[in-house]
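Can you read through this structure? Questions will come right after.
Should a chain be cited, it is by its letter among A, B, C and D, assigned in written order, with residues numbered from 1 in that chain.
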């Protein structure tokens, strides 16, 4: 059984990665799951400068989901290089850097400063974070800006470049095509869905930023629809995520056109979800007589 | 306690209505809940010609939600007048006709043919149904078309005109403003969220139309975010719906800016949800010292 | 039709993976007819969300109790199975139409498979009580799936297994084909079970020129005819689709578009 | 830190709405320290979704059992309360830092309110076992909320009720203010409970110039420091926010921005 997926000139050993923002830079989860068995670690977003993140509370649970308003809290590129890279260097699984910023130049600057790091397998460009006021979201909702950003980052690196799309748009396929046009090697769908919750006792929004990003099983149907539509619209690999809790969920994404998937919120519920999902995918492949990931595709 | 809400020149007796497509034309639910106690019945969509609807299966359950692909199945305007109006005439609660179509002229034709019916309190214009290929959706995602459609329907009737918006757009406030500009008396948010589910045993989408409309508790955060943002953007009343299961959910919507709410999927779970929600709203108002619906507003 | 809180009077396994659940029936709720169904709100929880439909499998007027036979299949039925006697159940019933009673001259042949057992069983018991000669044919994969049923007084029960481990060796329709129909007085078919079986029954009825009613099953949301979600496609009718919950679940097999 | 399946050894109510739950602790999992916490995956279900955090309230090395004290508050704790002894629990622990031990010369004053009882109780029991003189102050609304606790051997427990229905009449901080601190050897404060109480303890400590540690609480997702979700705001530090789950839950009260 061949579980690998090729993206640009590189290979992901298996289709099950862990999603940006839900797994830190891997270290915290080292005692809880076998990091070397992961298909990829997508790091928490890194920006040029450190960011403290949004005011608290930053989390609220909703029915079968959660809303977060972390606000790209991260140590910045400099401390990422000094504090996070040493541990990432010890890992055998692919490490994909989630890059974020407010301006095109911010994204470029991060990539310029880290691109010579061996530990970094490739980039996932977050043009879809609903939790920063100016920045991320603007790029992710406008096809022209997405194409421009993608092609300018394309010139900075030979490593795989994955654009991560937001579902909060009228037509995600237009954004997907723009990213492909700009030279993206793959697309990740979806980032969180815009959501809101109210504390009716305090008579105010549960999080100070008012709206935040909804994730978890509640959004799985949204993610699957996005992956299906995007994978029909482009010819580069699509990486699916949103609400995957178990192997069956992952299989839904793969059948819908995903070449790989990511585990996000489920890591919080069961830190070892990724290994169970991989086992579930393998069992399904066996039962279906599949020998490689592309065997999932073309059923509909 | 004054629970009424004014829309245009008319009064809804209380804020709890039942949502289009989940309550038929009221008759089926007559043995199960007190129809005269409803704030409004929003009928199943009516189109000019009868529509058979989409192929089966049309439903699938997802985590804390369901996807439907009914496809505006309805008897058409002629049979609506002969078969449904007699029963609706017997009701004391406001009946709001949900109008759908493929072209601007279709919507207009329905309104022209039914506008003299006493039983019809007003219209909810469905420009947001994800389940018809050409039609509904196109209108609901383009501000210019929404404004044009609204103002052309505005000329046909003196009854309240409610435009029902889709959450599947980049910026719902732009659509909301266009509808207000066109002369809408109120806005209803949200219609279903685009979603998809896969039958991994059959290796095909759970519904033949592939994508459908996600509803139920899973989408409540999406609906609340939409209502909050829309009510900040316009000055006409906003009617909130999406995932309301109980009084607390309704209170979240009201605090977020809704002047009234609708119960959709919850009717399937408990046909008497609306009366329980109304009781919950009243209890909350009492506890908060509220004497009218507008007391919910302005906290954030 | 009424939405009421009932009590579970008891549950017992009647075949591998199949459970019979007996529940109380309020005085002011009408007596369900064979073919009709109820829906259960499994829990006051968002998962599973929708009410689950099950056909009535018996009704006891004196005791005012009803029962259903269900297969443990997914989330909802797994929770249902775990509920002890005395638990409350949120019931909406009776829903849907019912089987057409055969005339005195007719011989009712009732064919069931899998989760189609419940409604067929109820119908068979009612006909048996009315003194009608009824043939109940139950087909399943192997003998572990054969339910433990009391015999009919005026009729007979024929078990069929695909693997021949008990009863007639072969499908229930193969059994029908083995019958000498001419010896029966005006045979008339009623069937409930998997789609494949229903289609085969229908084709058999066509060939043998017998009347045939089938109880259909589709995913349901409202269960009361309001949402248009549970449709089946019709054949040769002006109307393209019919609602299983309101226009059915029982249809003349000739009205269904079998695909 | 380990993710393991534990067994519920028993649950008992210790005050109105408060339950003590004892659970088994595997050999290969380190001993938790006072202030540390565990998270429970309440059910293998999408609702409630996230693991629920609870502080350890005792640990028994011989029996290899631990306990927590929890308030029945919402969906998760209501399900937890319903689980019988013998049920499995999915536990992730020990998490977070712990209280700083007082020196021999110091007098630990431990202040608890509401769900802050657990970690304070564990700390008090450990200090008591080590022969330290400890003052445990527990404040609550009325006497029905006073937990049923075994006395300390080397220290004392002071109950305070807002309504004066038992113990000291007034808040726990009002009680602190009534103490003659000069008669105590190097008093040192530790507090866990509602934010209002913590703030009051902190202000008292500032005024009285005492060291003060507070165990904080915030909504958590990961519980292991990865998601940056559970932060509190810091005062006078280079870093604006700290994670309760990893950098805390115990903080010097002077490092917290009290708003």
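Details
By definition in this document, contacts are C-beta pairs under 8 Å (C-beta built on N, C-alpha and C of every residue); 3 or more make two chains touch, one makes a residue touch a chain.
According to UniProt, the chain labels map to these proteins: A, B = Dihydroorotate dehydrogenase; C, D = Dihydroorotate dehydrogenase electron transfer subunit.
These numbers were taken from a predicted model, which means no experiment stands behind them.
The chain with its C-alpha centre at the largest distance from the centre of subunit D is C. In this structure, the chain pairs A-C and A-D differ in their number of contacting C-beta pairs, and the larger number is found at A-D.
The equivalent interface to B-C, defined as the listed pair sharing over half of its contact pairs by residue number with it, is A-D out of B-D, A-D or A-C. Mean C-alpha positions place subunit B (Dihydroorotate dehydrogenase) and subunit D at a centre distance of 47 Å.
Between the Cα centres of subunit A (Dihydroorotate dehydrogenase) and subunit D there is a gap of 36 Å. Subunit B (Dihydroorotate dehydrogenase) has its Cα centroid 34 Å from the Cα centroid of subunit A (Dihydroorotate dehydrogenase).
In subunit B (Dihydroorotate dehydrogenase), the positions touching at least two other chains are 63-65, 217-218. Those residues of subunit C in touch with two or more other chains are numbered 46-47. A complete topology is adopted by the chain contact network, contact being made between every pair of chains. Taken together, the subunit C residues at the contact with subunit A (Dihydroorotate dehydrogenase) in this complex read 46-47. Residue ranges on subunit A (Dihydroorotate dehydrogenase) touching subunit B (Dihydroorotate dehydrogenase), taken from their complex, read 62-65, 67, 141, 168-171, 193-198, 200, 203-205, 210-211, 214, 217-222, 224-225, 228-229, 243, 248, 251-252, 255-256, 284, 288, 299-300.
Residues 63-64 of subunit A (Dihydroorotate dehydrogenase) touch subunit C in their complex.
Within the complex formed with subunit C, the residues of subunit B (Dihydroorotate dehydrogenase) that make contact are 21-24, 28-29, 31-32, 44, 52-53, 55-61, 63-66, 68, 70, 73, 216-218, 245, 265, 267-272.
Every residue of subunit D that touches subunit A (Dihydroorotate dehydrogenase) in the complex is listed here, in rising order: 1-3, 41, 46-51, 90, 92, 218-233, 239-241, 246.
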